Amino acid sequence: MPIDAAVVTAAVRSCADVIAEHRHELTKLDSAIGDADHGTNLHRGFQAALVRLPDPGDALPADVLKAVSMALVSKVGGASGPLYGTAFLRAAGAVDGAEHLDASQVADALAAALAGVQQRGKAELGDKTIVDALSPAVDAARASVDAGGGAREALRAAADAAAEGAEATIPLVARKGRASYLGERSAGHKDPGATSTTLLIQTLAEQEGCEA
Amino acid sequence: MPIDAAVVTAAVRSCADVIAEHRHELTKLDSAIGDADHGTNLHRGFQAALVRLPDPGDALPADVLKAVSMALVSKVGGASGPLYGTAFLRAAGAVDGAEHLDASQVADALAAALAGVQQRGKAELGDKTIVDALSPAVDAARASVDAGGGAREALRAAADAAAEGAEATIPLVARKGRASYLGERSAGHKDPGATSTTLLIQTLAEQEGCEA
Amino acid sequence: MKKLINDPEQVVNESIEGFAAAHRDQVTAHFDPTWVVRNDAPVPGKVGIVSGGGSGHEPLHAGFIGPGMLDAACPGEVFTSPVPDQMQPATKAVDGGAGVLHIVKNYTGDVANFEMAAELAEAEGTRVRSVVIDDDVAVQDSSFTAGRRGVGGTVLAEKILGAAADKGYDLDQCADLLERVNNQVRSMGMALTPCTVPQAGEPTFELEEHEMEIGIGIHGEPGRERMPLESADAITQRLVNAVVEDLPFRRGDEVLLFVNGMGATPLMELYIVYRAAERLLADHGITVVRNLVGDYITSLEMAGASVTLLKMDDELTQLWDAPVKTPGLRWGM
Amino acid sequence: MKKLINDPEQVVNESIEGFAAAHRDQVTAHFDPTWVVRNDAPVPGKVGIVSGGGSGHEPLHAGFIGPGMLDAACPGEVFTSPVPDQMQPATKAVDGGAGVLHIVKNYTGDVANFEMAAELAEAEGTRVRSVVIDDDVAVQDSSFTAGRRGVGGTVLAEKILGAAADKGYDLDQCADLLERVNNQVRSMGMALTPCTVPQAGEPTFELEEHEMEIGIGIHGEPGRERMPLESADAITQRLVNAVVEDLPFRRGDEVLLFVNGMGATPLMELYIVYRAAERLLADHGITVVRNLVGDYITSLEMAGASVTLLKMDDELTQLWDAPVKTPGLRWGM
């Protein structure tokens, strides 16, 4: 089964489910070093995305990603709305015109998402943000593809790397986002955005149909 | 030792001590069915009275009582300020001109105090107020004097009657003062004003020199 | 007890000092006895308007001193009515020759202390009239009890009487108007949390997470009834219905709707209550022609709200709309 | 969680509905996307002033809509910045031909969302300039971090820019002025208690009875430091000194002193803080020429306070004194 609009749509639905399931956990993480809304924010965004998904029959993968981007930008707010919104928009751009995605395109989409997040948010690796999960994920996906792996392997590698990156945010002192206001007190807590990024990539890695 | 201005002054000092000692307890009672200030109020008043006491050398008992009245009126506020202030003013009036007080004058002073409280506050026996302690105290003092008792016996009888009257306020539903706003919920709590009245009369009954 | 204070014994003095410093162009504070007066008092020929009561209800009363509202206020200790020594100089200072109106909330202590003060002022040659506000429908009215408390209606009364005095109403007209306002205004309040009197150091009562107090006053006291916490709409319905049925307000009436915060309730929540109240009144056929939403008569840091309705007519509407310039309420100047 | 609400998901909508109903003569609310605009917008020839941010800071921002202050506001979810879909129609609606100024508090989300909105508005032909307020000295400033938060200074900026736009300042002059205000204003806050985001249902942090948080923002977040509770005077000294040293404010400076309550702190306590702050400033040789005391930029029901100082000059003083007529701030009309 190729990664076509139907698979991407199913993946978005799975993401929405996962965020719904973990929203209290994400909000709790955000309560420790932020303002207690990250889970609520993303949940609102993904629920809006479900409503706006195009009919996969007449859509390309990029259309689906663009619809998600629009929903996130117009419903999430906060820091994560524009950041994830930009990520999905850039991912869409990276696979523009494609009817189905191969492993390399999946890796490209992830890399484009990272570039978008960094352009909007100016965060570097180690700032205790989404970048700390997404950046190693991009590297791992690319390495897997370069080693001849398929999309499933690339996504699994990305998910593992993201999880590790998210764990590694715990001791960090935040330099971007709300957690930075806490200074030294931000250390000792896992970053909510890196955690949600990990959940999303893990969901893609488990998605039925991502075998290309 | 006759009950002269010096004894009355000493009694006022003892009252101030007793109120200082019991102020938190009184405030706590007021917190249950009032506004948590009765002990604070009376303490402020009696401390002010101490400062304003005349030199017992050139004063009559009535002068001392009047000074206390003025201090209470101008420092206590709330319901208890005007009520106790009037009580002391009327007590002073009842013993006007006397150099020392005999048992009958003590009983008269208590009766005058009660009349003042009732004129100002319009409370009847059973309304869960100062009157519930002061009114039986007046009756007991009068009965003791009529039976030939001295001032000490009269005050002891008054103190016991006041204590009983204060205990008896517990089941009552208040009809006057702040506790009346609670309606049925005021039942089950001892009235702060009846309690402070009891403390004051008990203090008089223990006062050295009240033997006349 | 967590408070931004220095010494529980000094909270009133220090806050009045801060208040007078912040508003020194408008008011002057006197201490021991404590009273606050507008700088341009007495206003010749105008009836002086004086109020006062326990502290802890800020901005009431001192926050309402200024053109179009009060001439002076007498702040007592926290939740304790002031003493005649305070009202006496305040009353004298604002007598511009037309006499002085005392606006008194119905509490045993307030009534008795103002009564004594009025007697003293009259003895010194100042004409005084006092009117007692008792608008709280949570308390059953009866001639055998202390009667109803004065609560939210007091804020509206002070605004309206300030305007009337400015317009040249004489002392008797002011007193009559105040009685009329009192007859047309009703309030009811509720609390989600207690508050802590600084000198007491402990909360006035304890409430479980899922409980509320209905029928509270403004002194941190428990209400008429403790009950399970409900939605804002359901709570508002309790308050509005009790108020409407009491006067009663009738279909076709025009009212001022005052949603008051007890201290700690976010403005966001007060507007949720306002929304519900306006809708309920519409269902009753009652039109809100003026409103006031915010913390105007508070109970320290208590969380909760009260609803006040004042039946309006042309005279009251004009007086309500008249300019007012006080730290706590201001428009038109 | 004890709140006067119906449904945690609906608090913003319902409170804005109540707000718009209470002030229907002045403002209109639009929903989904949510934005609030003054009824007489656009004012021809005047620069439109738009702000917005997460809800839970009321009266900021919607409470400051009206003549002399904001033309429109975009309320996000509680403590969540609004989305470009809200700023877009608001910006368009208040463009009276002179362009629109966005007043943005410095939070990653606010900045990013306003940035996207400005791009969209420019694409549609509306000239937009944005200035970011970052006055919180509790956060160390650095080009490697998100920088300082926008807090109390925002209220003063909105008032002053509203007046400037009324006076005919053009868009670039408004943006320059706003930058100047931001360069001259500094704030610092503290909390005695946390607050509870309705949708989260639990307090944002836990504090012991004898602890406080110093260096908090306005989103219920913990501060820079947790320390033992101190007296109001000592706490005020911490806040004032941090603010004074940062700019730094110097001997001879004239300032506006803004003592802001975080939500649950009684006005009485804010005036105790004001008293201490004015005295400390006098010790520094700094004169308070204007002041503001009250709850203007809040953090739901958090107890605490912040101190903001704005260095004043003739221009700023005139703009501050200019008439303003909004539900949350009003004088001169």
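Letters A, B, C and D name the chains as they come in the text, with residue numbers starting at 1 for each one.
The rule is short, and it goes like this: contacts are C-beta pairs under 8 Å (C-beta built on N, C-alpha and C of every residue); 3 or more make two chains touch, one makes a residue touch a chain.
Given the structure is predicted, the values throughout are model-derived calculations rather than measurements.
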Steps needed, at fewest, to go from chain B to chain D via touching chains: 2
Centre distance in Å when chain B and chain C are each reduced to the mean of their C-alpha atoms: 32
Gap in Å, rounded to a whole number, between the CA centres of chain D and chain C: 29
Between chain A and chain B, centroid-to-centroid distance (C-alpha), Å: 76
Residues of chain D whose C-beta touches two or more other chains: none
Those chain pairs that satisfy the touch definition: A-D, B-C, C-D
Complex contacts: residues of chain B adjacent to chain C: 27-28, 31-37, 40-41, 44, 73-83, 120-121, 175-178, 180-183, 185
Chain D contact footprint on chain C (complex, rising order): 2-7, 11-12, 14-19, 21-22, 55-56, 58-59, 63, 192-193, 209, 212, 229, 231-233, 235, 263-276, 278, 291, 293, 295, 298, 300-301, 303-305, 325, 327, 330-333
Chain C to chain B touching residues, read off their complex: 33, 54, 76-85, 107-109, 112-113, 115-116, 136, 138-140, 144-146, 149, 197, 199-200, 202, 204-205, 217, 219-222, 224-225
